[in-house]
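Several structures are given next for inspection.
In the two complexes that follow, chain A is the common piece, with chain B as its partner first and chain C second.
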Partner chain A sequence: MSQDWLLKVDNLSVRFQSRGGDAHAVEGVSFEIQRGETLALVGETGCGKSVTARSILRLVPEPPGKYVAGSIKLNVEGKGVVDILSASTKEVMAIRGERISMIFQDPGKALNPSLTIGSQLAEVFGQHRVEMILESAGIEPARASRAEKRIAKQRASFVQLRFFQLTRRSKAAALQKSIDDAVARSLADTGIPNPRKIMKSYPHELSGGMKQRVMIAQALACDPDLLIADEPTTALDVTIQARILELIQDMQKRRGMAVLYITHDLSIVREFADRIAVMYAGHIVETGPAQEVLANPQHPYTNGLLGAIPHRRTPRGQLAAIPGSVPQLIDPPEQCHFASRCQWAAEACLGHVPQLHTIQPNRKVACFRFEEAESLSVAKTDMPIPAEISGEARR
Partner chain B sequence: MTTGPGSKKTAQSPTPKKSAVTVKWARRLEVGREVLRNPLTVIGLTIIFLFLMMAVFAPLLAEPNQPDPYQSPRDWSNIDSPPGVAGHVLGTDSTGGDVLYGIIWGSRLSLQLSVTVVLFTLVFGTMVGSIAAMRGGRIDNLLMRIVDVFLSIPELIFALAIAAVLGPSFSNIILALAAVFWVKYARIIRGEIIKVKQADYVAAARVVGDSSWNIYRKDVLPNAATPLIVQATLDMGNVVLIGATLSFIGLAQAGLTEWGALVSAGQSGLLAGEWWVSTFAGLAIVLWALAFNLVGDGLRDVLDPKTEGR
Partner chain C sequence: MQIRDYLLRRLALLPVIMLGVSVIVFTLTRFTGSPVGIYASPNMSPDEIAALEARYLLDQPIPFQYAAWIGGLFRGDLGWSGVSVAPVTEVIGLKFAATLELAIAAGLIAVFVGVALGTLAGVRRNKAPDHVARLFSILGASTPTFWFGLLLLVPFYLWLDWFPLGRSTPDIFSSIIHPTGMYTLDAIIALSPVAFFDALRHLVLPAVVLAFGAMAIIVRMMRSSMVEAMSEEYVDAARAKGLPNKIVIRRHARRNALLPTTTVIGLSFGFLLQGAVAVELIFRWPGLGQWVTSAVLAGDQATIMAYVLITALIFMTVNLAVDIAYAYLDRRVVLGG
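Right, the complex of A and B next:
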């Protein structure tokens, strides 16, 4: 399995320049994603999980963002390894959408309000599947004229398109049909009823769940190896959340793609993730198989996160919030970043930043006090872990 | 109405084919219909339409003067005659120029002024503003400081200075106005693009591997352009207003059938009770500016409902 890694993030550090100094958004983050695997990157707002995710597609705006160190290696099947951070813009553009794709938190904001659903999806095919479009329109890609190529690429100007439609009627219709078919197929794949009708609608005419399905269709149109889902259900109604997540899982199984969930919702993690990486203040503090980490957290922060989840069986007033707030990211002190909020903090924690130690095969934790796990797990029983999260209710 | 199973089938059979383009136009039509629901906008559109007709059919409404139709024919036997004198419905000015002729042929000049200035400033301003917003950083800073310099001088005075330096002629008025008006568009589009650029759908377009130019063309510009359309409509009126001011001061050739020049020509007679020259020409300017303002406001209410119309 370990040979079959798809994405390897190694010692990634991203900083943002600001007036008060550089904000260390992501510091020395390393993880691997295997083919077909589901990894969940968990943490609270501002911990660097979204920056990590966007770095994978090199979407962090530079400036103010800056990739200070590290590499993000993508194992492209049959083509070898590409380092996304040092690749050319053209290479990165070829990877985006084709190899790695992403869906966003708020589908309402992630679709262009002035284009129909159909033309937005057509963009993706125009970017990565020009040959397929031309072929299914009965045009040999090598012999396609400039105009035909431009139309397939969705680059034709209005005048050019009209002129082509007037002069080459049947070819124009064939091209349009070929594009429409591809779009309809990708929409139908995500379980959208009546895709031909939806294609002609504008985003504001669709419901939130429908828009998220369109987003997923757009992201998966070119069969990527990795899908990054940045809080895919946060903006949706609870009733639709499960369906969208099941859809992603279903697509994942059918296509054998890997999924990277960015989330703060631990119930998603429990249900859908194979492995989990907990982030805090730009560092990964704990990683391991999802079930094990949730059932037996080793880092005090993970422990705190689990305790902070409301649950219908939690008595009133017993929700255990983690005291304090996320430390400043601008020029952070050389110490365990969680120390100021940690009830087990000792002198050792203030000296330097703890590194990830392997504590069990597959499990790593960045805490100086994990050896005193006994004391931790004793304390842990104080915090009620919701049954749904720890998995007891389902078994 | 009863339908058998056979007729039901035909009722469901192939839905009319609609391409994405038709859908787009259907939506534009919808916007148009909504605009027409506002009576003030309809009034504005009607006035604009009448002025357009006037400009197009000027040679039919008033026989063109030879050799230059943009110079009023001089009727030296009827100087300063009030409205209603034979052959001069709206009277004549102090050189025997027919006021109605001036207004009719002046509509052509006004239209020419509005369209050239607005078109040029819209395109140029959008280009500058887009480059600034899309590139950001130092280029943005440089371009916007230039814009600031232009904006810091009151537009009328700036236009006046340019026109005065270039010398009195109608084309210099156009140049002067173009030099003044583009900055507004650069500012507006830059602000809008910076706002739109933050949108998730722009990130989503980058995620699927779109090129910057394509993103600008399809995702950024269409969603940032609405305030430009409104501003352009309003400026169609403003340009004529300021252009008239310039020719009023005397920056157009003498005797030109330009509305501002007409107001200027009638000015000396005002105290003597010869009100008709300045009044009718002034009325034309007011109506023109008012009409475009009504339409601009109406458009804004429909296209950008967030800003309160009234």
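Right, the complex of A and C next:
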């Protein structure tokens, strides 16, 4: 896996300053995404999965947030590797919406209520596809006037725009048509009926599912290499959820892009993800191929998470909730963060932070049950009972 | 279409509300005693005063007096202004134009500086610009207008003599005609730069003083709604599209933050009219505020009632304008009722 990866997050740590101390939202998180692959980042609320996702676009507000360590490398085709965290603002802006896009949990909140759908989509083209807009309006990009460029970029002021429309009517119309065409095309691509009408509407006039389609159209407008979907269906009706997920999958297949799902919904993982990374209290505790991890979870937390899914055969009142609650993230102690809720917890778990440990090819777990006492230099009696890697997992 | 219907309905409602205002204002003013004092002189005999009362229908029952006043209103007669020694309707236009010019100038300063400062404070939250803006708004909200006016008057008028009192220099005033009564506008119409700068020189200081209080409110509102808007998900979504910070703030955050601020701007226009009373006295600005002050002191009821009526009218017009601006800015608002 030398140069095959698209995105490589290495030892990422993000902290938030607060009155009580620094909250360790993400600690030493590392993972890779291959081109065209679907990775699901799974965990409960507050485990740091959203912060990880936002870090990839460098969207964590600084302050109070702070990237204390690590790198997020993007392999840009034909241009080499860019570290998003140390890149200039300009470079990051060129990546956002163009190489990596994001769709958000609640499309009702992620669309600006006071702008039309069309003008919000047009912004993406104005930012990343100025030349395309100018060309299809019959204007040579190298020879475009300042006013023409400003209009193509959606930066012209109201007065400027009216003046241009008055003095160069045909060009103004051609530019507007070029922008509208691009927007309508991207909307139609996501299966939105009657895109020309939708363009003129405001977000509040659309249904939740329609808004999420608009968000997807906006995110995919520039053919990104990676789509980050931060709980894309949580705010939607159950009947719409499947359709949105299928749409994402369909777009992914057609364009060959990678998708990073941020979710707590394991049924999404089962259906759509190639690989899974389970996060707990800011750490990745287990990674591996989705089907294998779900069929045979190794980390006690993953195990508990799967046990908490209601099943047809689960008798009423016997849902296995994980006891206790997520530990505090402000100045956490040097120990396994799951120790307080873990049935296997032993002395060693309270004195060290477990690291991801390869237990099988493609599978890693951060748990002392998979490590030797010698490598940690603790007494054998302090170690938790070693896990037996079952035959099914080896298969 | 929908905005037009709403506008028509509200305009139809206007006379009804004005009628209510007129009843209240008439009753309250009459409580203060007979208005005959302003017309009488100390050496009149009781018979002469009685004749005067009969002339102004003051010997008639109160409802009849009200009817006479309202009847006059429809004929364009609001009575005799004792303090101006002229019919009210003849003076009120000039006074109104003077105050309107001052209020508009102050309003523009308050809105532009207030919105800019509030936006900056909201974006750079808890940084130096935010502290400055907050200090500014606390000072603005807690400094009495008359005191702030005097504070500026001492250096800029007394010591430096940069800004004169009153509304204009007499020679320059009589050099052009005044169709609107707003001297800056008149100077522009007359294409006279000399008159314009003279009018501006007189206008700046009172307008700044008047703007200060309203600006404080706008800064506070703009700051808090900007802070809120910046934490909205659509701001993150706009960043995720690759838009530069400037555009994210202007087109996405500020546009929405302006919504609650619009309401406050409308309300602060009321503060401007209120503050105008003190400012006009200090800067010898011959507007409604100065007029009504002398009317109150002299017991000139015709002037007081006319002032209240016109203030009510201004308030309602501004509120209507705010409602419409709101519907224009926020497409989710459905005007009705």
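Observations
Methods note: the second predicted complex is superposed on the first by the 365 of 395 C-alpha atoms of A that agree within 3 Å, B and C clash if a C-alpha of one lies under 4 Å from a C-alpha of the other, contacts with A are read in each partner's own complex, and residues count from 1 in each chain.
What we mean here is this: a residue touches a chain if its C-beta (ideal position, glycine included) is under 8 Å from a C-beta of that chain, and two chains touch if they have at least 3 such contacts.
Everything numeric in this text was worked out from a predicted model, so none of it was measured.
After alignment on the shared chain A, the placement of chain B and chain C results in a clash. Once chain A of one complex is fitted onto chain A of the other, the partner contacts of A:P300 are absent, as it touches neither chain B nor chain C.
In the superposition on chain A, contact is made by A:E123 with both chain B and chain C. Shared-chain residue A:Q176: touches chain B; no touch with chain C.
Contacts of A:G97 after superposition on the shared chain: both chain B and chain C are touched.
For chain A, the partner that touches more of its residues is B, with chain B and chain C as the two candidates.
Once the two complexes are overlaid on the shared chain, A:H204 sits against chain C while remaining clear of chain B. In the superposition on chain A, the residues of chain A contacting both chain B and chain C are 57, 59, 93-98, 101-102, 104-106, 109-115, 123-124, 127-128, 155, 202, 215, 218. Listing the residues of chain A that touch chain B in their complex gives 57, 59, 63, 93-98, 101-102, 104-106, 109-116, 118-119, 123-124, 127-128, 154-155, 161, 176, 199-200, 202, 215, 218-219, 221-222.
Across the interface of their complex, chain A is touched by residues 18-21, 23-24, 27, 137, 199-201, 203-211, 214, 218-219, 222-223 of chain B. By the touch criterion given at the top, residues 54, 57, 59, 89, 93-98, 101-102, 104-106, 109-115, 123-124, 127-128, 155, 202, 204, 215, 218 of chain A touch chain C in their complex.
In the complex of the two chains, the chain C residues touching chain A come out as 232-234, 236-245, 247, 251-252, 255-256, 259, 329-332.
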